[in-house]
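Chains here go by letter, A, B, C and D, matching the order in which they are written, and residues are numbered from 1 within each.
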Amino acid sequence: MKPLFHGIIAYPVTPFAEHDGSVDLAQLTKLIDKLINDGVHAIAPLGSTGESAYLSDEEWDAVTSASISAVDKRVPIIVGISDLTTKNAIRRAKYAEQAGADAVMVLPVSYWKLSEEEIIRHYSSIGAALSIPIMLYNNPATSGIDLSPELIVRISKAVSNVTMVKESTGDIQRMHRLNQLSNGSLPFYNGSNTLALAALSAGATGWCTATPNLNAALPLALYNAISTGDLAAARQHFFKQLPLLQFIMKGGLPTTIKAGLRLQGFDAGIPRAPLLPLGEKGNDELQTILNGI
Amino acid sequence: MKPLFHGIIAYPVTPFAEHDGSVDLAQLTKLIDKLINDGVHAIAPLGSTGESAYLSDEEWDAVTSASISAVDKRVPIIVGISDLTTKNAIRRAKYAEQAGADAVMVLPVSYWKLSEEEIIRHYSSIGAALSIPIMLYNNPATSGIDLSPELIVRISKAVSNVTMVKESTGDIQRMHRLNQLSNGSLPFYNGSNTLALAALSAGATGWCTATPNLNAALPLALYNAISTGDLAAARQHFFKQLPLLQFIMKGGLPTTIKAGLRLQGFDAGIPRAPLLPLGEKGNDELQTILNGI
Amino acid sequence: MKPLFHGIIAYPVTPFAEHDGSVDLAQLTKLIDKLINDGVHAIAPLGSTGESAYLSDEEWDAVTSASISAVDKRVPIIVGISDLTTKNAIRRAKYAEQAGADAVMVLPVSYWKLSEEEIIRHYSSIGAALSIPIMLYNNPATSGIDLSPELIVRISKAVSNVTMVKESTGDIQRMHRLNQLSNGSLPFYNGSNTLALAALSAGATGWCTATPNLNAALPLALYNAISTGDLAAARQHFFKQLPLLQFIMKGGLPTTIKAGLRLQGFDAGIPRAPLLPLGEKGNDELQTILNGI
Amino acid sequence: MKPLFHGIIAYPVTPFAEHDGSVDLAQLTKLIDKLINDGVHAIAPLGSTGESAYLSDEEWDAVTSASISAVDKRVPIIVGISDLTTKNAIRRAKYAEQAGADAVMVLPVSYWKLSEEEIIRHYSSIGAALSIPIMLYNNPATSGIDLSPELIVRISKAVSNVTMVKESTGDIQRMHRLNQLSNGSLPFYNGSNTLALAALSAGATGWCTATPNLNAALPLALYNAISTGDLAAARQHFFKQLPLLQFIMKGGLPTTIKAGLRLQGFDAGIPRAPLLPLGEKGNDELQTILNGI
């Protein structure tokens, strides 16, 4: 039997209104509808893609509630938590749980480098405050903290509701190690788009990705080909979408996904400053890539 | 004539009350008094050392106002700004200016990697909103963004009130390049404690440091020896304080400085979670180092 | 139709005699026989595993001739060239061609960092002196030079007999890029043992590996499973041999492979100083791993 | 009293004859004469600058003997040893000792990464074979091996004739650590040109540099200013020569120094392939730099 979270876990952007830059919950609801109609297996609001780092607490709460309502139990929903202090991470996680989230995904973000002890304490404090599962999220490029596979497995043993891992270093060896160290008992998810073929080949349970905002068919086709053991088809689907994956990773997810949505006629606004909207050259390149797939 | 900011620029920690972890403005005032009495040349509240990343907006404003009152124009004061969004960075910078700060120090912090264009826009937006000088602050280890000397000089030319640079990469070549590229016209400040001897030898205008919280005499002695051209004395002062500099950099500034203050009988509380207070072994090591100098 | 070089390309160690450390050609012949009997698809003497960097020119020539005789056209043979000067690289490559090698594998090794122009000139000078194909070999960890996919494809276009690429950075994205940039026309081979599953899943034509010295069955099983599209079996074969792959990469190939051969009753001597033979603890660990597969 | 090796230790290039690329001992003798006449404190043939990695054993021996004759006891001479095998490193070191060298400088170069145990054994084997002092040389950028300050001090304690350290990582903290760990008893020498001011300020006993091939006056002036405690003059001399130091480090020492010698009318030939001679653009830039100092 498949675990609750598997397959293509889609990360909606957080749309902002054109006139004042405020959160546009109506467009968010539409976007989530589109993703579910396109067949994704789960929804993950307030990830890196969702610019959660740039939202006030009030905005964050509103996006959480609106996302859960929009999903309306059609697929599982996992809410991203990446707060600098343990105190506010707990507050947000409890809010998400009470609002009806199936799980939370926790990224330890830090200004100061954290010791292993501090990271473990961060997870155990959050874990003790919740009764829903936690997906541990490792993404040193955005968070500034790198959790080794050894530490991740240690946390999963110490904190009973840490039951899933999203790995975004882009190093397939990390996934091999997680699988070895946990004897295959700790499901891992791919968080590095261009690693999707390697990760799914190595046994990743799912792929956490913003790609479905622009194209859900190709990620789904790749996942399905791997699931049915059709490696030749998987390879073909992967190389077809690879230029898009490379482009959105290089240009930054909020910037490129919002630009792509606009090219496709869906208005999600622009990212918040200091992020700038994608320039003309980037838009041309993205249009060419979208035309090609 | 020496520039307004020169010499030893001291970074007070932000004391938190024992019972509820709230900001303790009375202790902050005492700490700033002590630093000025010890002879430091300037005060820099709300730097990395001041845990500004872990403060709410209300707390941040309160610390700014209290610091400016405590300094009371005895020495210049420069307030640290390191906010994720340009909007809130401007809000804080304007608040500091109106409260009476002599300058602000701006660190571009980002969840998403920023392009050079985005970084320049961040500084020019803040610069346009202010009439006091800005010290550009480069510290990739905490901020996740590295500004090359070329980019820094470009920003200082594009934004007229960016008139000083704090360099914290720990690479002396960056300071050489800043000096070359600006023909010596852009004053640079050392922000990497263990680089103090090299940076001052190379012509740094000042040293931004949290060390004076625990010992102001040795940094001042090093600066004075360099100013009077006594290299042998400078070397001696530097190697004497080097174990302390290495310890506070390795253990994290809020953690180690607060522990050291407690060892010296000054209660500044403990850092905020996820940061943990210094453990017993660390305290013993720090006590040994403090006894040795 | 499969290319001449495909599948499992085995790298024999260079055995040294116990009493004086001289090259033991009789044992080398036996080892090559064993590898071919075990079913590997090609033989690659004088690779990194073969300690070619530690051989004199006379020894190198002797090993080349003996290897070609030992293979005796049963499978294709590719001879490794990793010389510091272009002049001696050409001498060795011509020697290998005249002795009957099917191809050479060229790794640009350098004391001084080489410019792209210098690397291209190195390959074109060697290419012009030969009429057999060249496999370009990228392995920055041992050679100190990293060739980007862009440069590799540029070289393959400029030098007509550079027709294959062995990639050993361990980064699967390099293989993706090679495939994209050459429109699939430049066959790539995996040179990083622990990347074997990812590389073959992504379409690598072969796997260059020293593993068959100790166990040929598991690499062959992995390759065959991928060839027949049985991803589940491939994953199982890969994770079974992964501890061995991790061990030999971490401990260094000549050191660990020679120790493993001895544990299996085959005397290939010990590596040359400064390399030391595997210690007791390492031998115990290796024995446990070999017992487990 | 100053140690035997101190001040400016000059690294002559190895001149090659125009017509056949063979070693030109007559020009080497002239170059060494020029360096000594210009006032350098010691001569170091067969360093990285001397392309020792590209010489045959016969050439290496000839350059050693010729250099020692040319120096003729006017200043101390230290011969560079950077061989892949311990056996040949010993052979070369003994050759140098018998030919009259005052010391050897040993860089552990490796194809395979060496363990600490292997590095220590390499030095102790060489040390046991010699009765002259050894300068340990750490230069990971060319050798592929990085020796931590802790390991270096450990080696100096285990091998009695390892009495000096040349540090070329470019990280001033390494020198601080060497000084701390040895309580100032292990003299360290700067091997990273652009670090000269910082290293000498921190107490380096000398500066190992190829710069005097093109200009001996400025390095000597910098050293003398530091020796007499005139930091302002030292800074001025350093920044004056910094563009030259940056240029030769970026372009590679044999390539740029040989080009510069030619621009100054001294024929030392060109470096050996795969190295290429400096191109036209580089020559123009170098001429401009030389004109400016």
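Here are a few things to note about the model shown:
Note that in this section a residue touches a chain if its C-beta (ideal position, glycine included) is under 8 Å from a C-beta of that chain, and two chains touch if they have at least 3 such contacts.
Labels paired with UniProt names: A, B, C, D = Dihydrodipicolinate synthase family protein.
Keep in mind that this is a model prediction, so the values were computed, not measured.
The chain with its C-alpha centre at the largest distance from the centre of subunit B is C.
Centroids of subunit A and subunit D (each the mean of its C-alpha atoms) stand 52 Å apart. Centre to centre, using the average C-alpha position, subunit C and subunit D are separated by 35 Å.
Residues of subunit C in contact with at least two other chains: none. Taken as a contact graph, the chains are arranged in a single closed ring, with each chain touching exactly two others. Taken pair by pair, the chains that touch are A-B, A-C, B-D, C-D. On subunit C, the positions that touch subunit D within their shared complex are 48, 53-54, 82, 84-87, 108-115, 117-119, 121-122, 125, 141-142, 144, 252-255, 272-276. The part of subunit C that touches subunit A in the complex is made up of residues 170, 172-173, 176, 179-180, 194-195, 197-198, 201-203, 226, 229-232, 234-235, 238-239, 242-243.
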